[in-house]
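Before we start, here is the structure in question, set down as structure tokens.
When the chains are written out, they are named A, B and C in that same order, and each has its own residue count from 1.
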């Protein structure tokens, strides 16, 4: 089973892993943002991604909008979804028992997944003719153009998010609320608004990622499951609450997934990723860059 | 969150006796295999949910990967039977032992983790185990195992002419699980578990060995789930990773427990008695159209219960405050 | 008056069997719900033909209802097993004991067919399976189980026979094969058979790659395939993975000389529409070939009836087999002349439907002692110009095979 592939295959794999890693990173960033604010894991994160992908798909199927053009739409739809989820559900269970915190979003996940199946059937949907498709050569290595564009976009989104948090007043208020809720409230920051904003922003990140994924990945009600699991691992590795940590961790996970597949066996690539999660949370619970 | 209030005193005992009598008489009244099968499924899932409840409801450790124990039980007894001809009842015990061992293996590192992290860890472990099972040819891999059909006998744990024996065995297992839960509730073990659930640090500070009792809860939980796994294997006579190890089973067990009422004796049974027939009903009436109507309801119920009534349905009936 | 009374006495017992009920099990929800929906539609086409008087050259095409049961109509009860073997078991029991069906039909997933047919065997009810691919199903020594369709063994055999015959034809030699399969029962079964056959036919298995169905990327898998550099790739994968695979192969510039697929994703009409051009040159085993319409005038007739129910979708592999299997079952019940299970079983054993009454490219329907149709013939088709054409057996071929598959840079 162990086998070292030739160097060009290895390099191609690593490059693909890095590209996918940026996408994982953006998905994880949203999760990390939410957790940093209120110590709640959004178990419906994968389903948010799924809804974003469906949005992009329907924009394509009904209005012939390429997913690239749907990015702002998906971001907006998901922002609203996140905000509403907070206002309608999360707000009521903050500070409640652990059971309520876990199952509130867990139930939401099951509901959204099943509702998607109910409304749109379990059939796999695909954006047939995306503007961005096919291979591209980077330094002589062939990789997918959609993956390159997606990762570039996710990097840009990351940059915007980071600038927002550190460079704008609202962003800094958000960060302050994450650091110390009571102190922030004392300073006059409307913590309720910050929480809702956090959910909205975190979901919007997933919205952007989903729009780009839709250009090369197939869409169906359960598509969010595996991406969400990978996101949990990414957040844990990067550090719950650390947005920059998600970036680093995402890339690492992406590369480990591919290397695990190339060097050990593709059937176990996700086992490698999950084992990594266990190692990280057990040995270094704060992850690479997280506050704990 | 303690036992349903009405089950106290003479009135309570009378009610209990009636319920038991009804359960015993059920297969004589409802003779169609389909109804008995439904009842058997309700009992099985109720037991799984109650076992989960011991760890999650009483002790507060939310496991989202409980299917690993189910699969352990099912695969152990089946593989022992088919490779070495071991009797399935002995196999059941072997499965229980293995599941308890697994629970120790999982618990030792993972109980250090708090709430959300622990929950995600259980999902990760569930995924790892399922992937390993799919790729392990010795236990059949993705193709699964078909049990050799044997003549009806209690010894062989197979019955083909009628479902009576399966019904009563499952009822027996469920009753045993409920009895054990009831004992846990009323003894010091239950007190410790509740203390750990409410505030682990405070519990530790008064000298309760937190890790040890979490392990005990998980071991008891795993034991019953594994027994359920062996029962399933002997009932359906076929198993594969997708039917005994999937995330969807872990989720179902949680849904039944939460909606029925965690931390209570009757919650999971109420949850199962309500939701399993509901699921069957929607499958039969709406199933032909390819929609997951029952799951939509489950999801909404789960969120609704978590937000508005964490004590579950039983909490509603008992008119507890949250 | 007396004649009428005597006549009524004679016809009365026959007239009592007003209808024949058949229980149909398919996955109607979940990821492969479309297969269930398509198959049920195909069965409805068959029902239409059986119950109404049409002039079509298939069993029971002429005349309304089942002639030897006094024109009794056939009715189906459809249940959704959700892909779960325990539900299949419970439903089989319910169909037999409550709906009082005369026979069971289905269930696509080999795991569900396994448990459901066990019930049928136990209760002495005929079970006809039209599309499950696990060879083990007809190795159980069952007396009530009949399968019209070829299984993985037949298909894979055809693939390797093709490779050997093609080598002779073109004077080339394949050295190695690579097996890529998704990790559920279908893929695992197929991979196992292919590995055994590869050894038997003397090909090196350069790589054996099972992967998690629904994986987020196939980069690692394709990297391994590139490293293994086998001459022929043998994929057993479903539609979504097939689409992802084809796209990723293009992006990462992976191009084996030949791809011979175990159908599933590759014969899904959606794959052909979305990926037809990228998947140029892909060969697949096909139990059913739409392009044989020229040689089989039955095909367009049935296809048109199917398209009316399916909203324009062409009939494809799985529903075509469901259609054929259902007619076989109804034909047997008719020949039995009664709804007695033993009579139906006997009639099934005696089945002998000739090739020209089938839309399948088989030599006929005739069950061997294990209940497996011995008249099956697997054919291979290749995507050329976005459409599948039959290329093997060579005497049925409508086109020459393209070999090797042109490199990505040389296409478009």
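As a convention for this text, a residue touches a chain if its C-beta (ideal position, glycine included) is under 8 Å from a C-beta of that chain, and two chains touch if they have at least 3 such contacts.
Source: prediction; values computed, not measured.
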item: Pair joined by more contacting C-beta pairs (A-B or B-C); value: A-B
item: Of all other chains, the one whose Cα centre sits farthest from chain B; value: C
item: Centre distance in Å when chain A and chain C are each reduced to the mean of their C-alpha atoms; value: 39
item: Distance between chain centroids, defined by C-alpha means - chain A, chain B (Å); value: 32
item: Whole-Å gap between the CA centroids of chain B and chain C; value: 38
item: Multi-partner residues of chain B (each touching 2 or more other chains); value: 131, 134-135, 290-292
item: Residues of chain A engaged with two or more neighbouring chains; value: 117, 121-122, 225, 265, 267, 270
item: Per-residue overlap in chain C, given as positions that touch at least 2 other chains; value: 29-30, 33, 183, 210, 212
item: Chain C - residues contacting chain B, complex; value: 28-30, 33, 36-37, 40, 78-80, 82-87, 89-90, 93-94, 97-98, 111, 114-115, 118, 122, 134, 136, 183-185, 187-189, 192, 210, 212
item: Contact footprint of chain A on chain B as seen in their complex; value: 56, 60, 62, 64, 109-110, 112-113, 115-117, 119-121, 123-125, 127-128, 131-132, 134-135, 247, 251, 254-255, 258, 262, 290-293, 295-296, 298-308, 310
item: Complex interface listing, chain C residues touching chain A; value: 29-34, 183, 209-212, 214-217, 219-221, 223-224, 226-227, 239-240, 243-244, 247-248, 250-253, 270, 273-274, 408
item: Touch list for chain A against partner chain B, complex; value: 35, 39-41, 89, 92-93, 96-115, 117-118, 121-122, 221, 225, 229, 232-233, 236, 265, 267-268, 270-271, 274-275, 277-278, 281-282, 285
item: In the complex, chain A residues that touch chain C; value: 3, 5-6, 9-10, 12-13, 16-17, 20, 117, 121-124, 126, 128, 133-135, 142-147, 216-218, 220, 222-223, 225-227, 230, 257-262, 265-267, 269-270
